[in-house]
Structures are given as structure tokens and as C-alpha cells.
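Next come two complexes, and both contain chain A; in the first it sits with chain B, in the second with chain C.
What follows is the complex of A and B.
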């Protein structure tokens, strides 16, 4: 069985695209449709990698990213952010939240802006997972 | 009552990002999360003879909305706010209610109804239908509509209409929760001509005094929160008097309980909240009575 990769995205087309790329490259995809579901699945399955969208209903990827990176048991899991939101905005938001008293968190292992080509996604996953 | 999460319902023509920005003062009252909702009305993409379901148009509308929301979201994320998005095809009111329930939002912000007079008469206005089906307060926002200037602080000077209904008393609680962004509240009761038709001037004054005393008790609630408050009793048709009072008090918003009438009765006979929500130039915050959530 290949390494487990958790995909958290509310867009069914993006989920399908990610799952196809992952399966083609021998990974085992796990799928969540929002931040809450993603958090529960991450705790349950302890994936080797998380591919995370930012703009989602219920709980955004910004919140989930912080939760992953401040959870003792999950913070070692690398995260690839995959979003239409610009990387600069994501990083600024993390800075602002830290200024408001939240914990500082490290930057994600990779940041890809949507839409992404299959080869670019596969190469990034490979690079992050070593 | 805190306003932590607001649902911003937009078709883009009536409420843009500038309107949303003017509501961000709510952060001082606890706002943490903004959820954008764009509903693509079914008839814009519906099946048509010879062409079928217009999938291309759906994708175009979805992506147009998505691109706008991404820009808005980037701006809000950078201010440390949480943001969510719903772009769905369906009936506006049903989809807004679904999103409000899923998100457990504390306030729904919506523009004025865009339906024509005939359509409103038979199908009801979106605002009226929404108010009957949701237990969440609804702000009918008329940002810059008839004003020559844009509202910068819509919650600064509310005019609170009191008719002693459970919904209007709930509005008192709601405004208390906004104490940090409210500077002055004008509390008003509009008495009907009938209520003051006494046999002498003394009787009329007595009625006015009694109403005023009751309003003073509500003023005390706000004063204890540090909000400057004034009580007013107006006489006449509430639909016109509230508008007049809002102007005289230089109010920035009208706050009132929503109607207890059934949707059908309200559609045919009308109600003050519906009239104010749809006709007044002032943004209108309508608080529904406690009901199914």
C-alpha cells in the first residue's frame, strides 16, 4: 500500500483530479470535503501528507492548517496548500493571527495556486515526501 | 447575543465588497467569520427546449462568482478573519437558509429584493420569505442605495422600533450585543391615532406618558451598557413615522422585530417590517421571534 495522502477540498472536480493524480503515482488517497472532516480524518488516519484547500465552508483551510501545525500528534505531517487564494495572502493571514495572540506556525512545506497541472502536483508531492 | 459569524448573500449588483467592508466594524462586537453566498437562480441555467441544461452558463456564473469571492477572501484573510464560500444553483431563499443552518450563522446580510411587483405579489419577496423561514436575524442592507454618501459605520446610530412584541424585545438583546460599536440608540414607539384618541388633551398626554415610561425602561437597559439612548413616541402610521424618525434622529439603520403575520397574510396585506425592509432608504435589521432553528 502506498503512502496515505489526505485531500481536503470542497470542490468535487478538484478532489477527483487530486485523487486521480495520487492513484496514478501509487499513493493511497483519503478524501475530506471540509475542514472539520479533514481534521477528524487526519486524527484517525495519521496520513503521510495533507493536500489542503483554503476557501471551504464550515472551517477554512487557514484554521485547519493552524490546528494541524499546533497539534502535538499531527504537526510533523507535511502540508501542501492548494488554493485559489494567493500564497502571499495566506502567509499574511497567519502572521495576523499570530499577532492576535494565536501561536506562530511554520510555513507550509509547499504552496500551489489553482489550477495546477498534474505533473506539477505529482512533482511537488514527490519532493515533499522525499 | 454575539455576532460571530455573518452570511453575506450577494448577487454582486446590489451588494459589493465596499458594502461588506462597511460591516467589518462588527469585529469589535465579536465578528470572526464571514461566509459568502451566491445563489445562481435555477432559471438562468435551466433546461430549455432544444438546448437542454445550460452547463456552460452554470460554469461561467460559478467561476465569475468564485473569482470575485477569492479576491474578497484574500482581503479578509489578511485581516485575520475566517472566510467561507457557497456558490450554488437553486432557489435563493432555500439555499440561504440551508447555508445559515450549516454554518450556524448569527446574522444574514442580504440586499433588497429584486423581484418585480407582480412576481412579489404572487411569489412573495425574498426578504419576506426569508424572514418567515429563518430564526436568524436578517439585515436588509441598502448600502449607498439612495444615500449620496456611503455608510461607514452602519451600526453607529440605530433607530430601534419597539411595539412590545417578543421579536422587538429580542431586538433589544441583539443591540446590547453590539454595545462596542453603537454610539447612540433612539428608541421609538409609534402609537396609532386610535390609541391616543382620548376625550381630552389630558388623556392623550397620559397615554403618551405611559408609553414613554415603558420606553424609558428599555433605555435604562442600554444606558447600563454605556450606550447613550433617547426615547421617542410618534403618532401615526408606523410605515411613515419610522422613516420620518430615522431622518430626524439621523439614524444609520432601523432595527425592529420581524412580523408575526403568516407569509400569506403578509403578502396580501403587507406589514411594517416588510414595508421598511423593502421601501425605506435605511438599512433594516429585522430580528425574528424565537422559533425553530
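What follows is the complex of A and C.
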């Protein structure tokens, strides 16, 4: 059994792509289609890595990211953000939230902007998991 | 006996003795007495002295008493003339009466009879005087009141004439009595064709007429119709946007009629449209930024698809090959959707009217949505008004607007957090009146917060994550407004959302 990687994305195409890349490189993918499902699955399965989209309906990826990084039992799990949003926009949103009194959270272990090549994704996963 | 002001009296008789005796007696009673021995002398004295009372013998040489009576009455109708007649001279008495004599005394003249006749004459004079004073006072008051009324009504009619607002007033039977130039500008009919020729229902749309009818009927209910935005139709059948208010007119608790005020919103709407256009261009600018997110997702899908296809070919894995190819096709679909939405949104387009059946179009849209609805356990309920037949409208507008709203409604059920609801989307068509069609798309899905509701039509905005272009409702609003229609929304989080489209109802060109 390879390492468990949780994929959280509302786009079925992205999920299928991520899952295929993960399977091709020997990981065990877990799939959630929204933030809430992602949080529950993270608590339940304690994955080795989370790949997260920034914009999703219902619970946004931004919120899930903050929840993961402030949960005592989950904050050690590395996160790769995979999004159509530019990295600097995401980082700015984090700074703004921090200024408004939210807890400061560390930057994600990696940030990938869509579209991403399979090789680049695989390489990033490998690098983050060490 | 005589306690009033002194009356001037002219005594006429051809017998000097009678003249003398009577004048002594009358002077003693306090009258200012003049005497004349005959008719001609009497008239000469009358003209200069103008006595209030004339007492004349009827039988005199020359001018007789009847002639004196007639001449005196010619000069002054008000003079009291008492005739002295011979005993039993009924014919003369009747003739005297005809010419307006006040009284008769028979010869020989007795003091008592004379004083009674005089008293009556004096009373008549007094009453006449009072009446005259009263009449004069009344005339003054009427003149003053008329002047005031005229001044006020001049002021009011000037106010009505010069008002920019359209003012239409009716009597209690709702027949038009006032229709000012402002109203002419809005409705297009000339005042002469409307005033006392048209009734309220001929001029107003049925929903405005209905408001007035119920206001007129209400005994204790709303007699004021508050300001509201609505549409009226002008003489050519064009929809004119107006602000409108009205009230029932009362006088002493009785209903006198009604008055309606209209403010022409065409200029405001035109400015709004221009603003909207400017906003739209700005939105397209924002869209480019927002779009890049959508485009990145699509590109990602295309890359992902080709990765799967490559993998499928390499490993001879048909399943991967197929899912990769599906992914590519899906993203090509998303690309064309996005591009078409953008094009529709940016292009100015004149609606192309043709005869079509709104219920038929609504039905087509329901059929199209059926599969998607079934896949997601959403029931589609059709509630079509059978009184809607063929109309003249742009069928493409209605089709794409309803398709957009129905898609949104099903998505709203999909995004609903509750899982044990039985979801339902109702498409309802209503013929609101002879001038407006209404389409309601109601779902019992997720509903919207105020914040989302505000952003709905105005900016590039989507709650649908990867699936939304953020253009659907903007395009729908643009299409509906191009047809002179309106779109509105009510929504409650977790309860559901209802979108309402109103389109002007035009009769089909071919009957």
C-alpha cells in the first residue's frame, strides 16, 4: 500500500486526473468533492498528503486549508494547493484573513497553478512527501 | 300706527274735497303726502318725487287710474299702487290687478280700510327692501366666492396642465374627466379622444385598473395606491415604463372619483440601459481576469484528458482511453459554452419577433432538462396557463432565458446541503393580463444569502465552482431586458429561490 493522498476538488475532471497520476506513481488516492467531505475524510483517514483546490462551492478550499492547518491532529499533514487562482492571490487572501484577527497559518508546502502537467504534479508530490 | 321711517306717498283724485280730507288724515298718520288732481300731474310729480306708495282714484277725466298704474309701474316696478274703486266695480279691479296693483279700497274711503291697505303696502315695501338688501349681499358673496373658486381652479388647472407627471382623473364611474399633457406624452392619445370618451379600463393595463376598482370598492380599505413601478401601454401598444400612484377622491365621505399620477421612466430607463452597457463593458474587463480561472480549469481538463489518452494508448487500456477522450470532449463543450455566453453578452442584439407559443417553448425547455433533473433526483413540475396561446415574441430569448433559469434551479437543488428533501423545480407560465406574460421558475433547493442575491445580475460571479462561467444570469437579464421585460428574484437560504420573468404580451401577427 502506497502513501495515502487525499484529493479535494469539485471538478470531476481534476479528480480523475489527480487520481490517475497518483495511481500511476503508486500512491493510494482518497477522493472528496467538497470542503466538508474533505475535512471529515482527513480526520478519519489521516492521509500523508492533501491536494486541495482553492475555489469550491459550499466550503471553499481556503477555509478547509485554514482548518487543516489549525487542527492539532492534522496540521502536520503537508498540503499541495492546486488551483486556477494565482499563487500570489491566494497568499494575499491568507494575509488579509490574518490581519482581520484570524490565526496566522503557514504557507502551503507547495502551490501549483492549473493547468499542470502530470510530470510536474508527480514531481511535486514526490518532493513534498520526501 | 306708523312707527317705521316716514314714507313718501302720492295721492291722486279729481275731486279736490276727497284729496284734501284724505291728505289731512294721512299726514296725521305720519306720511309725507303729495297730491295730484289728475293722471298727467300725478306722473309729473312721481317722476321727480319718487314716492314709495301711490293711491289713485280709478275714474278720472283724461288719464284714468289704470293708466296711472301702468305708467308708474313702467317707471318703477317696485312702487306700491293702491286703487280706489267705485262700489262693485269688479271689472276695473281685475284689470288693475293684471297691471300689478297692490290693493283696492272701495269708495267711500274709510280711514280704517285705508290704514290697513297702507300697512300692507308698507309691509310689502319693507320685505322687498330686506329681500333686496339680502340679494345684493348674496350677489356680493357669490361674486367673491366664484372669484375665489375660479382663482383656485385656474391655479389647479395650470398646475395640472404644466405638471410633468401624467395626471388622469375619473368620475365615480371611472370615466376619464382630466387627462393632462403629461398624460398625453405617456399614453400617446390626444386629450380630446380621451376626456369623457374613454373609461379607465380603456386607458390603463388591467392590473392598474384592478387596483383602482378595488380601491373604489373598499369601504375601509386602501384608498391610496402607493407609488410603484409598472408598465403602461401607449396608443401604439408600446410598453412604457412608469412610476405610478393613485387615490380615490372623497367629498364628505362620498366617493367622487379617482386620480392617477404617472411619471415617465423612459429617460431614466434609457440612462439605466446606458449605465448597464457601461457596466457590462466593465464587467467584461473584470471577466477577463475572472475568466482566466475558468480557462485555466478548462485547459487543465484538456491536459488531464490528453494525459489519460496517452496513458491509455501506452498501456493499451481502453477504459483510460475512453475516460480521457470524454474529459477532452467535456472541456471542448465548456469552452464553447463560455465563448458563446461571452459573445451573447457583449453583442447588442435587436429582438427578432415571430409568432410562437410560450407554453410550447417552456415545455421544450422542461424536456431538455428532464434527464439532468432525473439524474439528480429533482422533479420537474409544469404548471402552464392554458389561456396563453400564440404570441409575438423572440422565441430564442425565452428559450435561452428559461433554460438558464431551469439549469440554475436544478443546480440549486444539487448544492442543497439537506439530503432528505424531495427536490422540485416548478416552471409556471401565467398570463398576468392582456399586456404581460409571466414565467416563474421556483426551486426548493439551497436558496441564496442576501450577499449572493445582490451580486446575481451585476458582476461576474458564480457560486458553482468549476461549473459556472458567471455569465448565465447576466446574459439572461440582458436578453429579457432587450425584449422590454423584467427579471426579478426572491430567495431564502435553505428554503429555495424563485426567479420571475415578465415579458410584454403582444398579439400574434397572423390571427
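Convention: the second predicted complex is superposed on the first by the 130 of 130 C-alpha atoms of A that agree within 3 Å, B and C clash if a C-alpha of one lies under 4 Å from a C-alpha of the other, contacts with A are read in each partner's own complex, and residues count from 1 in each chain.
Everything below uses one rule, namely that a contact is a pair of C-beta atoms (placed from the backbone, for glycine too) under 8 Å apart; a residue touches a chain by one contact, two chains touch by 3 or more.
For clarity, every value in this text was computed on a predicted model and none was experimentally measured.
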Chain A as common anchor, with chain B and chain C clashing or fitting: clash
First, second, both or neither for A:92, with chain B first and chain C second: first
Chain B versus chain C as contact partner of A:63, first or second or both or neither: first
Which superposed partner A:123 touches (first chain B, second chain C, both, neither): neither
Touching partner for A:20 - first (chain B), second (chain C), both, neither: second
Partner chain(s) touched by A:84 [first = chain B, second = chain C, both, neither]: both
Segment of chain B that clashes with chain C, given the candidates 43-51, 169-177, 187-195 or 223-231: 187-195
Common interface residues of chain A - those touching chain B in one complex and chain C in the other: 55-58, 84-85
In the complex, chain A residues that touch chain B: 54-60, 62-63, 84-86, 89-90, 92-93, 96-97, 99-100
Residue ranges of chain C touching chain A (in the complex, touch as defined): 292-297, 299-305, 307-308, 311, 320, 323, 327, 330-331, 415, 417, 463-467
Interface residues, chain B side, partner chain A - complex: 35, 66, 69-70, 73-75, 77-80, 82-86, 99, 102-103
Touch list for chain A against partner chain C, complex: 10-11, 13-14, 16-17, 20-21, 24, 53, 55-58, 84-85, 113-118
